[in-house]
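There are two complexes below, and they share chain A, which is joined by chain B in the first and by chain C in the second.
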Partner chain A sequence: MSDWIRRFGGLIGMLAVIGFFAISLPDTFLTARNWLNISQQISMLTVVAATMTVVMVMGDFDLSVGSMASLSGVIAATLFVQDWSIPAALAAALAVGLVGGLFNGLVVSVIGILPFVATLATLTVFSGLAFVVSDGRTIFGRDIPAAFGDFARGGPEIARLGERALVLPNLTLVAVGVVLAVWVVLEQTSYGRRLYAIGGNREAARLAGVPVMTLRLSAFAFTGVGAAIAGLMYASRVASANPTQGDGLMLAAIAAVFLGMTLTRDGQPRVLATLAGVVVLGVLDNGLTQMRVDSYVREVLVGAIILVAVGVSALGRRGVFRRSPSR
Partner chain B sequence: MTFRTALIGVAAAIGLAAPVSAAAQEVAVITPYLAQPGTQFYVDGFEARAEELGWTVNVIDTAGDVAAVISRMEDVATQGVDAIVINVDPAQIGAGLQTAADAGIPVVGMDAGSDPLVAANVTSNGYAMAAETAVYVANRIGGEGKVVMFTFDPFPPVQVRGVIADAVFGNFPDIEVIDRITPDVSDGGIADSRAQMEALLAANPEPGAVSAVWAAWDQPALGALQAIEAAGRADEGIVITGIDANPQAREAIAAGGNFEASVAQDFDGIGRTAADTVARLIKGETLVQRVIYVPTTLVTDASVNAP
Partner chain C sequence: MRSLEIDRVSRRFGAVQALNAVSLTLRAGAVHALMGENGAGKSTLIRILAGLDRPDEGRLQLDGAEPAAGAPAAMRAAGLRFIHQELHVAHGLSVAENMHLDHPYPQRAGFVKWRALNRAAAEALARLGLSQIDPRAPISSLGPGDQMLTRIAATLIRADGAAPWLYVMDEPTAALTSEESEQLFTVIGELTRQGAGVLYVSHRMPEVLRLADRVSVLRDGRHVSTRPLAETDEARIIEEMTGERMGDLFPPRHAGQAPGEVVLRVEGLDAGPLRSASFELRAGEVLGLAGVAGSGRGALLRAVLGADTREAGQVTLVGDALTGEPPRAWSNGVAYVPRERRSEGLMLRRAISENIALPHLGPLARARYFLDHRRQRRLATEMGARVRLKAESPAQACEALSGGNQQKVLFARALAGKPKVLLLDEPTRGVDIGARHELYRLIRSLSADGVAVIMASSDLPELIGLSDRIAILRDGRLAEIVAAEGMTEAALLARFYHAAEADGERAA
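For the complex of A and B:
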């Protein structure tokens, strides 16, 4: 019984959430337009959470992603002000993400500082840099090229419902692209399998000849670049940038990975499970808003649901250990 | 069906969901800034008026997250609310405004800024507020004397105040504006204003060399007041005015010193007028005037100390 709960409890919970909203909001929730909206709303979190999965596979995590997202948006916007072209400004922001990620990797794997401490420190550094670059201001209006803001508002049209076009949002397409890339890296390459080996038992992996230090260092590049991409998506969506706007992404991304871990057979982070976790968080925001649930109560509920999901999964695992004959 | 009833029952029992009524108007108020005092007053005023009108109001605070404002606008547009009220710069939520426009849902701003997709913005008249205090200064010094102005042209809502004060003082041939100072506002504006005013007082040492200080908002007025008091020149009769009537300014005005007047915005009135504006839009009225001003009040020693 406990095995069964552990295996399918998370999935049933997620389906129950979706079923609840489908029944409570019969006219609006299960419509294509609403789900396209949700896909766009969660796109930034999806990118951060998918890349966060890469380091969590090794048992590490990265607290600096939120402030890196803010920093990348502010850098792109500041370069726009200085008349850089859109591709050049975006490339510079992504490069900062890559460098920041590799720096995290360096202090975690080469110097050997615990990820919690190391990335908490770089969180503060990146956040401070975002304030330095932007001078604490919100950059918006004519300073942001129209084409950059229009990107997040557009997308290929997939159908027409009466007067209104049904558009597959560009931001959704970006998120799908990132999830696919991470899926290929983690599930289809020896690089990915080695990361899982490090997560299973770092010492055994090292003895088996896995270059643990290099792999951990390189894996943090994913979270850095992912955060930078998400920061640019955010800046495009609000056609502006300020030095704190991405900060909320970090906790939600870690929560999404943990939610996803309740779905996998061995409790390991898997990118598609992470995606399911992100969808649950997005659906809760979308559905509870439509049901007029108070925004503060909504936050309490989301936190409680994460606790219940991870708690049930943990209880299930303990039950399995008790029945195991070797213990 | 029983599953649904049970869940809704549970939700209602612990007070999560507002009662669902089909007939009443439903309005969503979405802001990232509910924690700020001014916003709180707008929203309270709006809710009070909405209750009188029998509406259901859903106040959504995204706690500083502007992208979430867009997401919640999409959600309530899907839900099919009758109107959306925002308190955020429209330039940052273009995608949400477009979604609302596509769904035919009117959007009203509370001190939000103008945008083609915002049916109306309800706010205070910056031109009128500046005229109130500039004229107060001119009359108070009998139409002649030397005036120091504190302005901040990089910020459009404050820039318009300076323009009006320029015009008022320019219309009095015997008033001379001896300096037009733009203080550094990175620390709030009081400290640098005080430093600049101290320098100006040192350069004009003889009594009567400065008749008045007109400030485009309260912080420079407070800084100037500190400088004048510290220089021991509080008894020269220098008149100081500010704008916004923040608590610190009200205290200074009530104390009866050089800081004599400021202008208070009617935040509650902005909220109530926003509700009335929504009502007009829901009735199908087309608004010709897309910026709606709510009257402000001159705050002086007499009004602050009134029983």
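For the complex of A and C:
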């Protein structure tokens, strides 16, 4: 029974939330347009959370993703101001993400600072750099090329409802692409299985010939690049960039991975479960906003729901252990 | 005299009858050994004695009265104390504070009386002849042996009135070196001299033969026998534990096998405690590594693997220099079974197949990078059969396996890469006698197939029974290499401390 609650409790809770919104918001919630809208709203969080899963699989995490997202946005925008072409500016911003991620990896795996401390420090560094680069201002308006802002608003048309086209947002496609890539890396390559091995028992993995230091270093590149992609997506969506716009992503991403872990049988981080976690957060946010729940109250509710979900899962796990006979 | 009677106790878990009408009587002042393979019911019995579990049928009788079943506090108040193989100490606290973890600290007006605390600890230590342990020292500065002894001494601190009279020790030497074990045996002698009884649970036959006054054997949840030590012996105990005649524990060497070519050459190797170790290893040879704890047995294996930094010297594997970290060693045909299977060996919560495939993910991959799940499962099944692994399926998590089967998973992992050199660190520690026998046969058959084996062990019969040659380490130096044939335990042990007079076959 407790095993059953642990396995499917999260799923049932999710359906209950959707059911509640569907009844409370009969005209707007369960519509294709709203779900496409949700998919776009959560696309940035999806990218950050998916890549966060890569490091959390090893038992590490990366607190610097939010400020890296802000940094990559302002870097791209600043380069636009200096008349860089769109591809060149995007490539530069992604390169900064890659370098920042590898730097995190270096500090954590080679120097051996705890990820909490190391990425808390780089969080501050990246955030400070974002202010330095942007001079503390929001970069917007004519400085941002129209094509860049149009990307987030566009997307392939999938249906026509009356006069209005139903569009699959480009940002959603990017998020799907990133999730797919992370899924292949984690579930289908030996690289990914070695990361899981490091999470399972780091010393055992090392003695069994897994190059732990190199792998940990490289895995942080995923969070760096993922954060940079998310930062660019955000900048494109609002056609502007300011040095704090990515800040909310980090906690939400970690929460999504933990929510996802409550859904997997072995309690391990898995990228598809993370995606489910992101959807839960996105649906809650969307539904509560439509119900005009005050945004502060919304935060209290979302936090409480995360606590309940992870708490129920932990209790279920303990119950399972209690019943097992001694070895 | 005080006694605890276990009267026809039964306990069932699902389909498994863990205990089936087991009756035993434990008395003060004597050491009663309890033996049995993994799964025989020892752990369940201990849990019932500790009040952590209740019997389905039967009862406990303490000095003729029945204590409340399933109540740890009642068993404690009745004077039972439990010493487990795995030590849980509060790092960062002192010895004396650790000894007071389950006693109230001496206090005055809410303030800890530190002097009284340290004095109580010192008195308890002194009663067991452990005055060399400083109660004010940090607990982490003590080795696992001393930590266990302080745990025993802690039971002598009288705070709750009930003096302990029966100690239940569950594999107490599993994590101890032979010297630390010696100290424990001295303390056990001291405890019984002071009138306490001990229920001693162990896989280690020599310890049991040495310590026990009486020996009880469990098999498949049933009580097979209880005999005074004088009326039984090793062969009989093994027969009663396994239910079959085992023959020799160590399979015979293959007669007339010519020594193979040199596969591993170690020259002037320095690493950690190890100083300028040199030796050669031939295909099909089993080289035992012997010596007291800290002599560098394990360090030698880890340096060959590359897990510890090689500070000087050279390792040559079939003509090529072996440098770098463990990944290089594994891919060149060196395999390693670590000493601590839970902390250094297994990913406990992951599947058997994943644990076996881990070092071989590269060669197993499709198109270089992509997992081939089918090949991985097939490898796990094949290797599992090779080591006679008993498990539900390759997808089962390792934490559910017995110690012996966990060790077999590590052997399967090591064999899966068809190694040329196999490094084994305490390969049968905490493994029951049946599984141990199977591992010995496996090592023999590997050596017959030309695998060169280096086996570090603190188990002297195992070193003598399985090795072709035994390398003896003293203070990090490879002092001598002797032929195992005709060696006795006493002669081998003597060489741990000083060079033998003449009869050793010296080797480079």
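Everything below uses one rule, namely that the second predicted complex is superposed on the first by the 326 of 327 C-alpha atoms of A that agree within 3 Å, B and C clash if a C-alpha of one lies under 4 Å from a C-alpha of the other, contacts with A are read in each partner's own complex, and residues count from 1 in each chain.
Criterion: a contact is a pair of C-beta atoms (placed from the backbone, for glycine too) under 8 Å apart; a residue touches a chain by one contact, two chains touch by 3 or more.
Please read these numbers as outputs of a predicted model, since none were measured by experiment.
When both complexes are superposed on chain A, chain B and chain C fit side by side without a clash.
By the touch criterion defined above, A:152 reaches chain B but does not reach chain C.
Once the two complexes are overlaid on the shared chain, A:266 sits against chain C while remaining clear of chain B.
In the overlay built on the shared chain, the residue A:297 is in contact with chain B alone; chain C does not reach it. After overlaying the two complexes on the shared chain, residue contacts for A:44 are found with chain B alone; chain C is out of touch. By the touch criterion defined above, A:239 reaches chain B but does not reach chain C.
In the superposed three-chain model, the partner touching more residues of chain A is B, compared with the other of chain B and chain C. Taking the C-alpha centre of chain A as the apex, the lines running to the C-alpha centres of chain B and chain C meet at 140 degrees, rounded to a multiple of 10.
When the two structures are aligned on the shared chain, A:124 is found in touch with neither chain B nor chain C. Once both complexes are placed on a shared chain A, the shortest Cα to Cα gap between chain B and chain C comes to 38 Å.
Under the contact criterion defined above, no residue of chain A touches both chain B in one complex and chain C in the other.
Residue ranges on chain A touching chain B, taken from their complex, read 20, 23-25, 27-28, 31, 33-34, 37, 40-41, 44, 136, 138, 140-141, 149, 152-153, 164, 234, 237-240, 244-245, 248, 285-286, 289-297, 301.
Taken in their complex, chain B has these residues touching chain A: 3-4, 7-8, 11, 16-18, 56, 58-68, 70-72, 74-76, 78-80, 89, 91-95, 98-99, 102-103, 186.
Across the complex, chain A is touched by residues 13-14, 16, 18, 43-44, 47, 52-53, 305, 307, 325-327, 329-331, 336, 338, 343-350, 354, 357-359, 361-362, 364-365, 369-371, 397, 400, 402, 413 of chain C.
Of all residues in chain A, those touching chain C in their complex are 187-194, 196-197, 200-201, 203-211, 266, 325-327.
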